[in-house]
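The next part holds the structures, each set out as C-alpha cells.
Consider the two complexes below, in which subunit A is the common component and subunit B and subunit C are the respective partners.
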Partner chain A sequence: MSLLKVENATKRFGGNVAVNSMSLEVNEGEIVGIIGPNGSGKTTLLNLINGIIQLDSGAIYLRGKPIHNKKPHQLVRLGIGRTFQITRVFRELTVLENMLSTVETGKSGKNNLVENALKLLELVGLSDKLDARAGTLSGGQQKLLELARTLMLNPTLLLLDEPFAGVHPKIVMKLSELILDMRKKGKTFLIISHDIHTISWLSDRLVVMNEGRKVAEGSPEQIKQDREVVRAYLGV
Partner chain B sequence: MKKSEIYLITALVLIIYSIYPLLTGDTYLLRVLILVHIFAILAASLDIIVGYTGQLTAGHTAVWGWGAFTTAWMILWFGANPLLAVLVGALFGALLGLGIGILCLRFRYLLLTLVTFALLVLSYALARQFTDITGGELGLHGITPITKNPILSFYITFGALLITVVSLLVLGRSRIGLRMKSIKEDEVAAETIGINTVRYKVLANVIGSFYAGLAGGLYTTYTTSVGASIFFLDHLLRLILMWGIGGGGTIIGPVIGAYTVMLLSEYLRFIEELRLILLGIIMILIMRFFPAGLHGMISLTLMKTPIRGGKVK
Partner chain C sequence: MVLPIIIDGILLGALFAASTIGLSMFYAVTGIFNLAHGALLILGGYLVYTALSVLGIPLPAAIVFSILVLGLGTMLFYKYMLHPIRMHHLTCVIITLALLLVLERLTIVLYGPWGLPFPTFIPETAVIGGVEVSLQKIAVTALSLAAIAVLWLIMNKTWLGLAMRATIDNMNAATAAGINTEKIIMLSVFISAAITAIGGISIASTLFLSPILMSQMNMAAIAVAILAGLGSLWGIVPAAFILGFSDVVGAIYFGGWYRFVNLAVVIIIVLLVRPQGFFGAKERIA
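== the complex of A and B ==
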C-alpha cells in the first residue's frame, strides 16, 4: 500500500480549475519531486494534501485512510509535515521559541522537548542563533528553521514547497544532504521545486504538472527525454 | 543593568507601593489607585486576547459590564456575599468569553472588531431597554461593598491585580502562550505545526473574559452601583489607550498603560476634555516612534534589549 494516494483531486477557484483530476501516489521512504511551470497547480495540490484547503471532488488517502476532510493540525498528528514556498516562520518569536511552539506528537515526550529542539537546530546549523528573532535570519536560514520546526513534529511524510528557492548554494547543498539523510531514517518526501538540477538529483521519481494536470511521471532520466515536459515548459 | 538588579528594583518598588497606604492619609489618591487596579486587571486581561492571539476585540468592556451586572444581581437579588458575587461575575464573564470566542471564529481582522463592537452597542441597548433588571440609565444602587475601608479596598484590588498579572504572565510564558503568539503571527503556519487554532483562540477569550468579569465585579462592589453607562464608549477608548500606550503582548505593558492613563486623566482634570485629545496624541506618537509602548521604552532603557510583541497585524 502506498503511503499517500491522491485520487482524481479537483479544486476550482471561481472559473479557474487549479487542480484538475490529479492522481498521485507516494510510497514509504520515497523522494518524489513535483515540477511544472508557474500556475500549474503544484502548491494548490500541497495545500489540498495538508488540509489548508478542501477538495471539490476526488479523494486523498494516507495509508489507505481518507484524510481529505481533516484539518492541518489533525494531519500533523497523522504524520504530515509541511513547509512553505514563502517561509512562514514566526518572525517575532525567537528561533528556540519557534521550535517550542509546536505540539507534541507521539514519540516526542514533553521532557526531552528542549533537548530535541536543540538537537534539530544543531542539525540545521542554527545552534548559535537560539535567542535571535526569527525575522532577523536570512532567507536561507529561515528555510532551515522552518524545516527544523517541522521536524519537531516527527512527521513521516514531509511536503516541501520550493525548499531551494532564493537560497544560497551552500544551503541548497546542506538541505539536500539533510533530505537524503532523513530518507535513510525512513522519512518520505514530496517536494515541489523549480530547481530542476537539484530536484532531479534528489528524487527517485518526478511528477510533472501543467494546467492542474499530471502530464508526465517517471524517473528523472525518463522525464528529461519527455517531449510533453519540454512542451509544458517551453510552450512549443 | 542586570536582570537581578531589575528584579531587586521591582521588588523594592512593589514593597514601597504596598506599605504606602498605611503611611499616607491621602484617601483621595487611594481611591484613584483602587480604580487603577481595576482597570489594570481589565487591560491585562485584554492583552491575552489581543496581544497574544491577535483577536482585535472591541467587546471587552461589554464582558466587563455584564460581569459587573451579574455581581450586582447576586448581591441585590440573592443576598450573596460580595466576594462570592465577584467570583460569580468573573465566571459569568468566562462564559460570555466562551460564547464570544466561538462567535468570533468566523470573523477576522476588521470584521471581528466590528462584530465585537456591535456586541458592546447591543449590550448598551439591552441595559437601557430592560430597566426592570438593569435600572437603565439610572442604574442599580445600594450594592454591598466588599469593604468600606479604602485601605482594605486598596489591598483587595491590588491583590487581585497581582494574581491576574502573575497568572497571565505564567500562562503567557508557557508553551500555551507561545502557541497563542504563533497564532497571532500566522494562523496557517500555526495549524501546520499542529496547533488547534480554534481551541487556543477560544481559550484566550475565556481566560481574558474571566478577568474582565472579575474587574467588573470589583468595580461594581467598589462604586456600589452599576448602570447602562458601564457600556459607554469612553471605557473602551480608555482601555485601548492603556493597551497601546503601555505596550501590548507583554501583560505588564497594559498595566503600566493603566497607571499612566488613569493617573494622567486624574491629575489633568483641570484641562477637562482636552485630556482625551492629549492622551490620543500621546498614543499616536508612541505607536509611531515606539510601537512596543512605555514598557518597551523602559525595558530598552534599563536592559538595552528591545521588548517583543507590541505589534498586532
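== the complex of A and C ==
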C-alpha cells in the first residue's frame, strides 16, 4: 500500500481549474519531486494534501484512509508536515519558541520537547541562535528553522514547497543532506522545486505538472528526455 | 501638588489599561476592530451589579459571574456572527457597531437611562503622603493590575500562551505547526472578554454605571489602543499611563472640559507623527 495516494483530485478557483484530475502515489521512504512551470498547480496540490484548501472532487488517502476532509492541524497529528514557498516562521518569537510551539500536537512529551528542539537546532546549525527573534534570521536560516520546526512534529510525510528557492548554495547543500539523512530514518518526501539540478539528483522519481495536470512521471533521466516536459517548459 | 497627580494618574492609568487590553487582544487575535468594546466593558459592570442586587451573591462570586457571562457571550458572538465572515473586515466592524447600539438600547430597557451607583464595599480611606485615597479605588486598581499581570504570565510562561502568541504572529504557520488555531482564537476571545469584564468592574466601582459610558469608554479605549499601536498588547500599559497622567494634568491646568478633548488631541497627534503608534507594527502579517 502506498503511503500517500491522490486520486483524480480537482480544484477550481472560479473559472480557473488549478488542479485537474490529478493522480499521484508516493511510497514509504521515497523522495518524489514535483516540477512544472509557474501556475501549473504544484502548490495548490500541496495545499489540498495538507488540508489548507478542500477538494472539489477526487480523494486523498494516507495509508489507505481518506484524509481530504481533515483540517491541517489534524493532518499534522496524522503525520503530515509542511513547509511553505514563502517561509512561515513566527517572526516575533525566538528560535527556541518557534520549535516549542509544536507542543500542542503532543508529538513530544513536554519534558522531551526542549531536548528534541536543541538536537534539531544543532542539526540545522542554529543552536547558537536560540534567543534570537526568528524575524532577525536570514532567509536561508529561516528556511532551516521552518524545516527544523516541521521535524519537531516527527512527521512521516514531509511536503516541502520550494525549499531551495532564494538561498545560498551552502544552505541548499545543507537542506539536501538533511533530507537524505531523514529519508534514511524512514521519512518520506514530496518536494516542489524549480531547482531542476538539485531536485533531479535528490529525487527517486519526478512528477511533472502543467496546467493542473500530470504530463509526465518517471526517473529524473527519463523526465529530462520526455518531449511533453520540454513542450511544457518551453512551449514548443 | 505633585503627589495627588501621581496617585490620580496611577489610578486612571490602571483603569485605562484594564479597559483597553481586551480590545487590543481581540484585534491581535481576530484582526477585527471591535467597536462594541465600550459596551462590553460597561456590561461587565452591569453584570456584577445584577449579580449583587438581583441574584444576591457575594462580590467575589459576582465578579466570576460577570467574567463567565461576558466571556461566553463574546465568544459565542464571535463564533457565529464574525468568524464565518472574518475575511470581510469592514463588514465585521459594522456588525460590532450594530452590537454597540443593541447593547446600549438593551441596557436602557433593562436598567434605565440614568446612572446607577455601584455599591461601596470598602468605605474606608487611606492617607498616602497627606492625600486621602479611597481604599475601594486602591483595591480595584490592584485587581486591574493583577489581571494584567496574570495575562502576561499566561502569554509568556505557559504552553497555552505560546500557542496564542504563535497564532497571533502567523496563523497559517501556527496551523502548520499543528496548533488548532480555531480553538486558540476562541480561547483568546474569551480571555480578552474576561479582562474586559474586570475593566468594567473597575469603571463601575470608580465612577458609576450608565449606558452613556459605553460610547465614552469606547473613545478612551480607542485612544489608548491607537497610542500604543493597534495589535500591540503590552504597549497598552505604558500608553494607558501616559494618557492617564496627561488627562489628570490637563484637567488640573485646563479644567474638567479637557478630559475628553485630551483623548482626541492625543489621537490626532499620534496619527500625524507616528501612525503605527508607539509600539505598533506598520502592517499586520496574516
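The criterion applied here is as follows: the second predicted complex is superposed on the first by the 232 of 236 C-alpha atoms of A that agree within 3 Å, B and C clash if a C-alpha of one lies under 4 Å from a C-alpha of the other, contacts with A are read in each partner's own complex, and residues count from 1 in each chain.
The working rule: a contact is a pair of C-beta atoms (placed from the backbone, for glycine too) under 8 Å apart; a residue touches a chain by one contact, two chains touch by 3 or more.
All figures in this text were calculated on a predicted structure; none of them were measured in a lab.
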| item | value |
| --- | --- |
| Side-by-side fit of subunit B and subunit C on subunit A, or clash | clash |
| Subunit B versus subunit C as contact partner of A:184, first or second or both or neither | neither |
| Subunit B versus subunit C as contact partner of A:73, first or second or both or neither | both |
| Which of subunit B and subunit C A:101 touches, first, second, both or neither | both |
| Partner chain(s) touched by A:65 [first = subunit B, second = subunit C, both, neither] | neither |
| First (subunit B), second (subunit C), both or neither touched by A:133 | first |
| Partner chain in contact with A:93 - subunit B first, subunit C second, else both or neither | both |
| First, second, both or neither for A:227, with subunit B first and subunit C second | neither |
| Set of subunit A residues, in rising order, touched by both subunit B and subunit C | 50, 52, 71-73, 76-77, 81-82, 84, 88-93, 97, 100-103, 105, 149-150, 153 |
| Subunit A to subunit B touching residues, read off their complex | 50, 52, 71-73, 76-77, 81-82, 84, 88-93, 97-98, 100-103, 105, 133, 149-150, 152-153 |
| Complex interface listing, subunit A residues touching subunit C | 50, 52, 71-73, 76-77, 81-84, 88-93, 97, 100-105, 107, 110, 149-150, 153 |
| Residue ranges of subunit B in contact with subunit A within the complex | 175, 178-179, 181-182, 185-186, 188-197, 308-309, 311 |
| Touching residues (chain side subunit C, partner subunit A) in the complex | 159, 162-163, 165-166, 169-170, 172-181, 285 |
